[in-house]
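Read the structure below first, then the notes.
Chain IDs A, B, C and D follow the sequence of writing; residue 1 opens each chain.
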Amino acid sequence: MVGGAHPILLIAVPLFFVFLIVFFSSFFKGIVKYLPIIAFGINLIVIYQLIPEVLGKGMVISTTAGFKPPLAIDIVVDRLSLILAAIGSVLGFLVAIYNVSYIDEEPQERYYALFTLLVTGIIWMVVTGDIFNLFVAFEVTSIAAFGLVGFHRDQGAVEAGFKYLVMGSIGGGMLLVGIIMLYAATGTLNMVDLAQKSVHLTFGQKFLAYSMIFIGLGIEGALFPLNAWLPDAHPAAPSSVSAILSGIMTTAAIYALYRLTNLMFDYKQIYTILLFFGLLTLIFGEVSAYFQQDIKRMLAYSTIGQTGLFFFAFALDSANGFQGSIMQIINHSVSKALLFLVTGGMILRIGSRKIEDFAGLGRKMKFSSFFLAIGAFSLMGLPPFFGFWSKLKIIFAALQNPNFFMVASVVIILLMSVVEGAYFFKLLQNMYFGKPAENLQISEAPAGILISFTILGLILIFISVYPTPIINLTHQVANDLMSKSYINIALRLGGL
Amino acid sequence: MNASLELLLATPFIGGLLAFIGGKVHRWIRNLIAIIFSFATAFEIIGYYNVTIKGIVWGKLFGSDLILQTNPITWLFLFIVTSASFLIVLFSIDDMRKEEDELKLDAYYMYLLFVEGAMVGIVLAGDLITFFMFWEIMSWTSYFLIIHGGKRSMAAGYKYIIMSVIGAYAMFLAMAMLYAKAHSLVYTDVANVLLHSSPAFVIWTIVLLAIGFFVKAAVMPLHTWLPDAHSEAPSPVSPLLSGVLIKMGAYGLFVVLYGLISVKLAGSLMPSVFSTPLLLYIIQWLAALSIVLATFLAIMQEDAKRLLAYSSISQIGYVVLGIATGTSLGVAGGLFHALNHAIFKGLLFLVVGAVIYRTGTRNLSELGGLIKKMPFSFVALLLGIIALAGVPPLNGFVSKWMIYEALLQKKEVFLLIMAFVGSTGAFLYVYRLVHSIFLGQLPKKYENVKDVPILMQIPIWVLALLTIVLGIMPGLAMNVIVKGMAFFGFKPIAYNLFGFPQGTAMGALTTINISAGLAIAFVVAWILFILFPKSRKVSQYDNYAAGQVVTEDLKYNYSYGFYMSFSRVIKPILKWSIERVYNYWVEAAKIFGDYYMRRIYTGNLETYNAYIVIVITLAAAFVLLGGKIW
Amino acid sequence: MIRKVVYSIFLAIIVLSLVLFFAAFPFGKNKMTVGKYYIDHGVQQTGAANIVTSVVLDYRGFDTLGEVSVLFAAAAGVGVLLHMIGERRERKVKVPPNFVVRVGSRIVFPFILLFGVYIFVHGHLTPGGGFQGGSIIASGFLLLYLAYPNYKLKRGGLAAIEGLAGLTFVTLGLYGLLTPKVSFLYNFLPMGVFNTLVSAGILPIIYVAIGFKVASEFAGIIDDMICDVMCRGGEK
Amino acid sequence: MIYYIGSLLLIAVGLYAVLVKSNLIKIIIGLNFISSGVNLLIISVGYINNGTAPIFSRLGLNPNTMVDPIPQALTLTAIVIDASELALAVAFVVLLYRHYKTLDIKKIRSLKW
């Protein structure tokens, strides 16, 4: 593997830069804000190198400490992880550019270090092949997120941060209990090894361990009754952080849930229960979003709704469902991050988060409004945007074996899409055709913000008009998940 | 040939983008691009006259081919879409000039062409995914066109888009159910699958698809968006909506009823009434109700565009009524009426738009006496309302005659009576229109009004001419319609250039004779009028009221509450408004949702933690009770 | 009250189910699979006498990197939250520290430092390691804060140490990719003589780095918290 | 077995405190109960009857009686993570008190719906 791509660089390089930020913070503070850009720029190169290898072999494994996987922790990048890691790196890179113009509050060096750590933790969560390492990555992510949510230190931020911390800590504890239950049962922590050794467990034992893990990851992944922290924390955080939280962090937790469910807890009963979680999450997210006055809170609830949608698709337990789910994840990550970035720029300019204050911005901030509209359209699933393809796939997958329950669920999904349309169109028409406040003198967002969301918007447009590669890729991923090739390829490559 | 279907589809979209970019350079470049591309689209369809292309694959999605196809029926709708769009672009150039915000105008032309492209896509679609995709694009692009005109139009547009989305998702559900069965959404595959499906499945499919189409076509009781949206939209957009966009609902209904399933199949699935399958019969009744109720509502309007909007609901009722008859004559009549309605309703909206352009109001009670100031508009409006009322020799007559005839043949007397009532009611409101705008006394503030610029007159005249041409020579349209219907398995009906020859089952109609007779009668009346001038010429302002002299500034107009007595009679019937029912349910849902949202996200950390514990407890209890660990 | 009872019942159900789960894997029974391998081969593979250390730093060294990051995140988070805008005031205490504390701390402080250093330097031989040693050192600084109201840590230097220690860890790990094994955190240095101070390759180096890092981070947290309460100017 | 029950009860007590107590400090203590319970649980999973620490501090120690080193390593990691969470939580409480002048979580409800 010498000269090839090392997935471990995806984590090690940003961590290196985190410590570099700390190191420079005392005597060379000017450079600090550019270091995350370099870090995630390198990450993008690594991802680029990984693409042909992962697509070719199906998986790239990187060992640590020179030992074979069940002994040491391994970093496993298969197609699904690659998608998530790529999204994470791209968002990290773009938001790092965004930060340069956006963050002017002190303590900057700590912000940049925490931000880099947050994104690193997210990428870490999706590439690790060891379940305890997953817990560590989970904690890196959440502790960095706690700090960042409280970054503004105002009343709301602190309250949201504390609530998030309490719930996140409980979640972390429960996740650890679940991991220990698995360890007690199998004596190993490697996911592939676990998957093989856990076959002798009874369903009840697995279910109990799974429910503990589900609590932990479900809290982070914003599944319905466990997601109460999210609508508080996302608006309270700086918009750049909200983009990461909404765009990829919840998704990463959901990814971990997918991975573990698929590897170890592949039972019809579990999937059926997950279906209900998905539906409830969808309903409560979208309905609550409709009533919001605060735009970031609205987007946060919308994140819950979207999470419910792709979780529902996953819980269908079919290749089509998996494919739809992953397509929706891609759509949600890109669009929601785009929305948060754009609204961040707007909030910076108008100094308010109230939706009514966005009136007339369509003329003052043309680029911002344009990309806001595109992101909203894609989230609503209107053609020709990418969200349309993913929603199409999900609905088709749900009705693959039409029975009463599935048709009812699809009706609910479609109704919730209408609700989603209702609040997004309210926002859009207020923004474009609403009457602006008198002598509203604002200019377009600053350069860094503009560049970052323009690139993200162009990516969204590109995958919208040319979705074929992603559809093919997600199709492969769905087949991987269905055939559990994760275990097979890992065994072949890792020589466990 | 194959590539050019895609080209036809792409032309308006490219044009829209170019127009938007061109607008950044200069507004005339933008206008020119818009005109050229809309004309190019209209020009390209000439090549497809009477051409049938079974289907070319333009993409592949989830294992289903994406297909474009064309046949004469498609061509008919293509013709409506592209020519109307071209004329509307022409009309817009001057009409929209008063808009000061150039960015808004750039966006306006872009969306206009996008709507056109989306409608071309709908018509050309050979599978349901393509159809649905362009259907959604049409919805949101036209939404942006509607909300161009201020605060009230925003509310109207909001209602429009929400209802459209609901309708579209009903279609989506049907589509997904079909996909689950057929694993492909190409029309032919779907038709095959439906042939072997259970009756319940077929009926559900039709009902769900029909909901989507009825929302767009504004068939009662799903029409509530239309009066607001049509009246609040900018003047050039209203004819697009009324003339073309709601026809897409009719087209979709036609494709589903006769392309995906056939009357024969439908008949075998459900009981028949008057030799019509029950479902079609219900659709007929809905259409007939639309005709009558919308006519009554139109009669009571004070707003010119709202009046026309209600009239659109009523006229689309004829189209749907005709299409749902299931006989060759009825369907042909419905399709023909779709074309005719596009022409005369487009014409009427454009004339009203021209009046608004000059006077700035569309309130009927404020207008009057414009006949001397805008004579061309008056003549055009006159032609339009004659066509709308279904009076020979203009085009509305022929298509309505065909629909009546079809109903008569099926002995559906009630429906026939309702259709007649609608037609009679139409006289009332169109008279109202022409009287309040052009007759009566001229308000003082409009003394300097003159006819609209030439660029706005051209579309009006083209449409006015078409009403006459198609009225005298319906064979031109029948040519396309009959050939197209053969494609869908209807037996051809006999026709010639001037109507329907004697001796066929449906009776005879020769428009040229009627026109000639009318022309002769008109000339005779004219001569008599000239020869024997009995009456004394009185100035328009020479009038009095209750013995008091009416001064110059006090106008004596019958424009307000025109049909008050009539309104009093029918008001109790119309009190029960479907819109109020919708609003009630929406409000109830909102209160319900708000209540539960507040109960769940209480802000209390203890509650949140309790959720977590409850979930764990449920899992644990599940395991303890039935998980069988031990 | 009902609430409390209900919660108690819920928790009882949870505990009951978990207890029944663990009953299937009895306490005190050997259930090692991978762990056995570590005990059998750890000494020759990593050269550390303390197998826990060889697991923490070598086999599962990547976890430790995460652990360091978590601690760093917490320190930075505390720093973000308790960041002070504007000038720091001199710290004021109500009761000045008495003589015994002042003199005692001066005597004890070097020994605390020494003890901490001892703990982390011998992490691969005896129980203990970077985290434990680091916290001991930080407690020494806490003592200084208690004894001397004027005492202030130089945060710039702390940050430099913190960063440098972290960089050392990551760089050592990254160097593993350049060795023939091509593996992150590969123990590329010679093992040395078993059970002596200089043995186990890179493990002691990492523990020293971690020790410095943990010490500086905890000291930073202590500084942040004390100063937030006591030196905040202006507002209360 | 009693170790399992004890540590699980510790977790339950922690959860109870988090649920019922309204004082912020007590909630944090509850969180700490949870994490201590989990740590004890991890350690008890790795224990072997009559086992010794897995350290070859002198020659002649029998590897077969050594307890599982992995849970110990995991606990080490978990403890540090808990300490980090604790530090952050305390910092949050300081700020919350500054903003709300109260330590009662029931009164800290400005974000809702």
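Keep in mind that, in the parts below, a residue touches a chain if its C-beta (ideal position, glycine included) is under 8 Å from a C-beta of that chain, and two chains touch if they have at least 3 such contacts.
Every value quoted in this text rests on a predicted model; they were computed, and no experiment measured them.
K.L.:
Quick check for you: compute each chain's CA centroid and the global CA centroid, then name the chain with the smallest gap between them.
P.N.:
The most central chain here turns out to be A.
K.L.:
Of the pairs B-D and C-D, which shows more C-beta pairs in contact?
P.N.:
C-D
K.L.:
Between subunit B and subunit D, tell me the centre distance in angstrom, where each centre is the average of that chain's C-alpha atoms.
P.N.:
Roughly 68 Å, centre to centre.
K.L.:
Averaged over CA atoms, how far is the centre of subunit C from the centre of subunit D? Could you give it in whole Å?
P.N.:
16
K.L.:
How far is the middle of subunit A from the middle of subunit D, if each middle is the mean of its Cα atoms, in Å?
P.N.:
Distance between chain centres: 28 Å.
K.L.:
Go ahead and note the Å separation of the Cα centroids belonging to subunit B and subunit C.
P.N.:
73
K.L.:
Counting only residues that touch at least 2 other chains, which ones in subunit D make the list?
P.N.:
11, 15, 18-20, 27, 45, 68, 70, 74, 77, 81, 84-85, 88, 92, 95, 108, 110-111, 113
K.L.:
On subunit B, where are the residues touching two or more other chains?
P.N.:
Correct list: 597, 601, 603, 605, 609-610, 613-614, 616, 620, 623, 629-630.
K.L.:
In subunit C, what residues contact two or more other chains?
P.N.:
Within subunit C, residues 7, 11, 14, 17-18, 21-22, 24-25, 31-32, 34-35, 38, 60, 63, 66-67, 70, 73-74, 77-78, 81 contact more than one other chain.
K.L.:
In their shared complex, at which residues does subunit D touch subunit C?
P.N.:
Where subunit D meets subunit C, its residues are 1-5, 8-9, 11-12, 15-16, 19-20, 44-49, 53-57, 63, 66, 68-70, 72-74, 76-77, 79-81, 83-85, 87-88, 90-92, 94-95, 98.
K.L.:
Along subunit A, where are the residues that touch subunit D in the complex?
P.N.:
132, 136, 139, 143, 146-147, 150, 153-156, 158-163, 165-166, 169-170, 172-173, 176-177, 180, 183-184, 187, 189, 231-232, 236, 288, 291
K.L.:
What part of subunit A is in contact with subunit C in the complex they form?
P.N.:
1-2, 6, 8-9, 12, 15-16, 18-27, 62-67, 70-73, 75, 106-107, 109-111, 113-114, 117, 120-121, 124, 130, 132-133, 136-137, 139-140, 143-144, 146-148, 150-151, 153, 158, 161, 177, 181, 184-189, 193, 197, 205, 208-209
K.L.:
Which of the residues in subunit B come into contact with subunit C in the complex?
P.N.:
610, 613-614, 616-617, 620-621, 623-624, 629-630
K.L.:
Considering only the defined contacts, which subunit B positions touch subunit A in the complex?
P.N.:
Per the stated touch rule, the residues are 61-62, 101, 103, 129, 132-134, 136-137, 139-140, 143, 147-148, 150-151, 153-154, 157-158, 161-162, 165-166, 169-170, 172-173, 176-177, 179-180, 590, 593-594, 596-597, 600-601, 603, 605, 607-609, 611-612, 614-616, 619-620, 622-623, 627-630.
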